[in-house]
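Shared between the two complexes below is subunit A, which has subunit B as its partner in the first and subunit C in the second.
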Partner chain A sequence: MSSTRGPARRRWPGLRRDAPYLWFVLPAVVLYGYFFALPVLQAFQYALTDWDGVSPDYDMVGLDNLTRAVSDDSLFTNALTNNLTFLLTVVVVQTLVSLLLAVLLVRNSRSSTFLRALYFVPAILSSVSVAFIWSFIYEPGDGLLNQAWSAIGLDGMRSSYLGEPGMAIVYVGLVQAWAHIGQLMIIFIAGLQQIPGELYEAADLDGAGRWGRFRHVTWPLIAPATAIVVSYTTIQSFKAFDLILGMSGNPPSRSLDILSTRLYTTYSDSELGYAAAQSILFMVIIAAVTVLQRRALRLTRQEG
Partner chain B sequence: MHLVSRGSSTRVPASPTLGRRGFVQLLGAAGAVSLAGCAGPGSDDPGRQSTAASLDADASGDVIFSHWRAEDQSVFDELLARFAETYPDVELTQDIAPSADYQASALQRLRNGDSGDAFSTFRGAQFNAFAEAGVYSDLGDLDLVGSYPDELATIGQSDGKQLAVPYQVVFLDPVVNLDLLEKAGVSEIPTDWDGYLAMLDALRGTGAVPFGWPGGDTGNLGQLVNTMVMNNAPAEDMFTQVGAGELKLTDDWFVTTLRQYAELAPYMQEGVRGTLHDSLLQQFAQGEVAIIASGSYAIAPSRAAGAEFPMDLAPPVTVAAGEARYVGVHNATFLLGVNAASENQEAAVAWVDFLSQPENAAVYANSTAQHVGVEGVTYENADLKRLERWLTADTLLAPRFQLLDLDVQAAVDQSTVAVVGGTSPEQAAEEAQAIVDQQIG
Partner chain C sequence: MPGTPALARRAILGVYALIIVVPLLVVVLGAFKSRRQLVDSPLGVPTSPTADNLTRVLSTQSMGDAFLNSVIVTGVAVLVSLFLSSLAAFGLARIRGRWGWVVFAFLVAGLAVPAQTAIVPQYVLWRQLGLLNSLTGLVIAEVVVTLPVAVFILTGFMRTLPPELFEAASIDGASPWRTYRSVVLPLSRPSLAAAAIFLFVITWNDLLYPLLFVSTPDKRTLPLVLLGFKGEFLTDYPVLFTGVLIASAPLVVIYVFLQRYFVAGLTAGSSR
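After this line comes the complex of A and B, so read on.
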């Protein structure tokens, strides 16, 4: 008897030891479970049904919702394509510009502190305010941007911006980047300030130029900050719901429809089961893109 | 028995043995119980009263009026004060949700009776969704229904029951600056397509943009399609038939409509596909745009933006002279209903009845510069007076709201944007129909 129970007890001795303390974390676990884990589990439950969100009746449809989204819904595919374009625009522009600004403003001087504050200002605006401001900048008639083009004699650059089917999502991506560059610049500055000055001195002694110092010292050592910036930007790009709705209305035009707005439209069309299936795919896509990005970043660092 | 932690001499109190498998099982069981306990597919309906309570002069208690019109808060406050004089024992408050969230958020709360003893809905998809969810009580036996003309009252009916009454009437027709029209030498709005295009040519001579269309504003760009199809379509319920797969967007009537959009395009403003309604309103108010293609709801904000010129409706009649069945389009919206799950229906009915009395409806109409569905109202607002004749004209109930699926509605709207942007009408129609086919299965 004792020989059979002994190994079982040894399996997880830490848990038995800490059992009394688990009660202390229980409230947090319950709250997390109820408000975070449970809705996710429910999404899986709903995704298997054709529930409209209000009726007492529903039918189990198995995996039909998932297969419909993947193979038979051009609107979902269009939203995914738009979202990836948006993601690419935001990640590239936001990461590069915030890194450039961070490198330029890393020294603690009065002017750089002022400029950091200035670039950070858009980050404290709500997405709706940002959408409102940029709607008027992008306005095709008397919008600020078109006026500026005309003022410098470049009338050929005038555009309807959000009315350009192929480019509209890129223009919104630039707005998203504008709004968050200052915030990510701060993360990069924090990363840059952690790099010991001796490394740059050593690089100088080895004859490294500005690019060499950046490539062999700065870039590898700000990798953790870059990983944070890229991951944050990726997730943010998939969740840019309020900015899109603010600039395009609900439902957005096809050229501005991204996955989060697609989910909302499906939900508004009383297809909660299908919206739940789309949200599961949404989670999987975000996870996949994030993993791919982290791997790509790791490869870049190894090469550096 | 005491357990001693590894690497430490600290003694901890005894606890029941909990293996990893047991722990996981416990979590799983907790999850299953929680899932089962949560509302979800198959939730039971709460108890409901399907027929509204009768009007009670002694109504009392707390009532919540749910709606989305934040811009009407002050006029409703004024009406609430008047209501309190008649029903001093009723404590009525407004619960205002943004219109974009209203359907998603309000419906759940209404179903539970947590909010919205009296509430409003949009005509079309929203009214249908709320009706299907069973949140309305039947107002059919109440006198207040008699305050609305029969043709409008039918809008609030579903399955033979009078579930709501349409409080607001708007004309979803383009609005014209009459000063510019006079300057262009046009004395009357043409009632045929060639005449309409000739009018736009004449308006171009004034230096203003003849026809402003908010092609980048998904909430407003679709209003024009109402008038564009009213005389082209083979039936009044053309979009219901499109949604049912009985008519196609590739049929002649819709392709012809798209061709006419293409004919309108040269008269529209620069960058039309990206133009927002608010921006267009400013240009219209400043006399830079002669016609704004949205609806009568554009008049009040134009006045607020400084417009002092007289305005009228200028619906495009897309057929030859003498062939028009309709001269314009109207819509009845802001449908008022009483919640079937309300615990205080008498007071909610009293509020809807109060709003439906002509003298109170007049307060609402003149303050909001919108016509109302209530009969016998005296309009004092100059714009409402000028447009009052349209209330009795041969106008069609806005057909776009027959499209109950947002994606189908967007497909129709976007086909018009595509054509104005240069896509051929045939191709735009095919692309739109492909989405319709996908959505209706």
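After this line comes the complex of A and C, so read on.
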């Protein structure tokens, strides 16, 4: 490009310099665009139809699919309620337990390193495997947990777990937390190790106790790590598709149905247009939850 | 009472260790027990270890095929995804104009969008291209779903490489491709390893795409076969546990030997 092409160069400053590197980016962009980004956009188009996926013709139904999901489909609203309960259980349990363990294992010693590695193990197993393990633990008859309650004389604690309509999804939330606490603990440990020791010394001089140290030094300074953990956990809770299918079977029971499994079931029932509409609502719901969480986290940080 | 916090710490860590170990132990031991034995003493050492469960799992035929399919799909998908994402990451680390950020944002936005949102149009696309019931179709799906996280991890690393390095390479007359191959790739080995492990875990364990795109028995992967066990063997837990052991064995072996990459990879993948 010669200097006589002045205006063009001003509009794209540095293009000549960057051009060779754009070729490196191209294969990933094309593949990802064609096989993922484009389908996401097409979902909006499908959502306006009643296509079953097979027949050559279909009708445009406008926003009927969306109104059906929001106001006329108890299966969808049930899945949404379950998903929010699941999300809440997982975010609370996973964040608190992994933070607690991180605080206890923050110092590098041989025993800490060993325990970190041990706690991490469930994160490498497939969700289907994890689901089978916990199906046995939650077996209503002589599952591991019921046997344990009986062994320590607490027969009153025996339960049918996944057979309890209101609580089933909470029990599965605990399984999800079990599988990922070790992984999130590592993120918290990395965050904790960046807090300068002098701050704790200053807190000690001010006469802060254990709780004071945590409240005024650790908690405010760990906020970035907390934000990462919470947003990761949130996306995970919406993605928890294999865990649900593994624990409940395919299609899942009503009490364990969440949004991702619901939209998959709708798709399996050959209601492609309706499933596409559900996937759009799914995206909107995730975006809304993420925005709300960001606000809430910012508020707690300002307080701290 | 100086001893109390230390004691409480030990108690919490010990209890949590049990919460992790006991379920895993039940699975490993249970795979060699009869159903009766598993219920009677879930934590006991198998008194008369049996290979029946293994025989039953292997006699379903699908397990051998599934293992091979999983190895092929995971192996190819991880390599392709790593290659494409390392190219992209190198490009993104070198691009100075604003479009660098646009492309990065486009590729990484996939991290916030669950794969399930695209399944309906994807199914139609895969069908049009004749990619249903084929390992190629699965590889493409897995590459696409792992690209965002791989680009994220590798770009993060490559942006930390000193600019002088690239200047030195270009003064020596190295082309961008040469710089990528001979300078950047060798330096990126640790982060490539971490990304590889992260992608390996995601791809090996993925259930969604096999479930969507595979209906013929000979193209099924391990998680799909494992899920089928639940319908086939119902509550025959020793058989289910044997399936879990077979499906998890490769990951556990890799974890034991490459633990530090595992932790680095799974953590980098979630820090965003």
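Annotations for the structure displayed:
Quick note on the criterion: the second predicted complex is superposed on the first by the 280 of 304 C-alpha atoms of A that agree within 3 Å, B and C clash if a C-alpha of one lies under 4 Å from a C-alpha of the other, contacts with A are read in each partner's own complex, and residues count from 1 in each chain.
Quick note on the criterion: contacts are C-beta pairs under 8 Å (C-beta built on N, C-alpha and C of every residue); 3 or more make two chains touch, one makes a residue touch a chain.
Because the structure is predicted, anything quoted here is derived from the model rather than measured.
Measured by the number of subunit A residues touched, the leading partner among subunit B and subunit C is C. Touch criterion met: A:I228 reaches subunit C, while subunit B stays clear of it.
By the touch criterion defined above, A:V61 reaches neither subunit B nor subunit C. Once the two complexes are laid over each other on the shared chain, residue contacts for A:W23 go to subunit C alone; subunit B is not touched. In the overlay built on the shared chain, the residue A:L99 is in contact with neither subunit B nor subunit C.
When the two structures are aligned on the shared chain, A:Y32 is found in touch with subunit C, with no touch to subunit B.
Looking at the shared chain after the overlay, A:P122 reaches subunit C, while subunit B stays out of its contact range.
With both structures placed on the common chain, the touch criterion links A:N250 to subunit B and to subunit C.
When both complexes are overlaid on chain A, the residue A:L80 reaches neither subunit B nor subunit C.
By the touch criterion defined above, A:W178 lies against subunit C but remains apart from subunit B after alignment on the C-alpha atoms of chain A.
Common to the subunit B and subunit C contact sets on subunit A are residues 12-13, 15, 17, 20, 33, 37-38, 42, 46, 135-136, 139, 142, 245, 249-250, 267.
Those residues of subunit B that touch subunit A in the shared complex are 3, 5-6, 12-13, 15-20, 23, 30-31, 34-35, 38, 40-45, 100, 103-104, 107-108, 111, 125, 129, 132-133, 215-219, 269-276, 279, 283, 405-407, 410, 414, 417-418, 421, 434-435, 438. For subunit A in complex with subunit C, the residues that touch the partner chain are 12-15, 17-18, 20-25, 27-29, 31-33, 35-40, 42-43, 46, 53, 97, 100-101, 104-105, 115-129, 132-137, 139, 142, 144, 147, 178, 182-184, 186-187, 190, 210, 228, 231-232, 235, 238-239, 241-242, 245-246, 249-250, 260, 263-264, 267, 272, 275-276, 279-280, 282-283, 286, 290.
Residues 5, 9, 12-13, 16-17, 19-24, 26-27, 30, 38-39, 42, 84-85, 87-88, 90-92, 94-97, 99-100, 103, 106-107, 110-125, 140-141, 143-145, 147-148, 151, 175-176, 180, 201, 204-208, 211, 222-223, 226-227, 229-231, 235, 237, 240-241, 243-244, 247-248, 251-252, 255, 259, 262-263, 266-267, 270-272 of subunit C are the ones touching subunit A in the complex.
Subunit A meets subunit B in the complex at residues 8-9, 11-13, 15-17, 19-20, 33-34, 37-38, 41-42, 45-46, 49, 51-52, 54-58, 72-75, 135-136, 138-143, 146, 158-165, 245, 248-254, 265, 267-270, 273.
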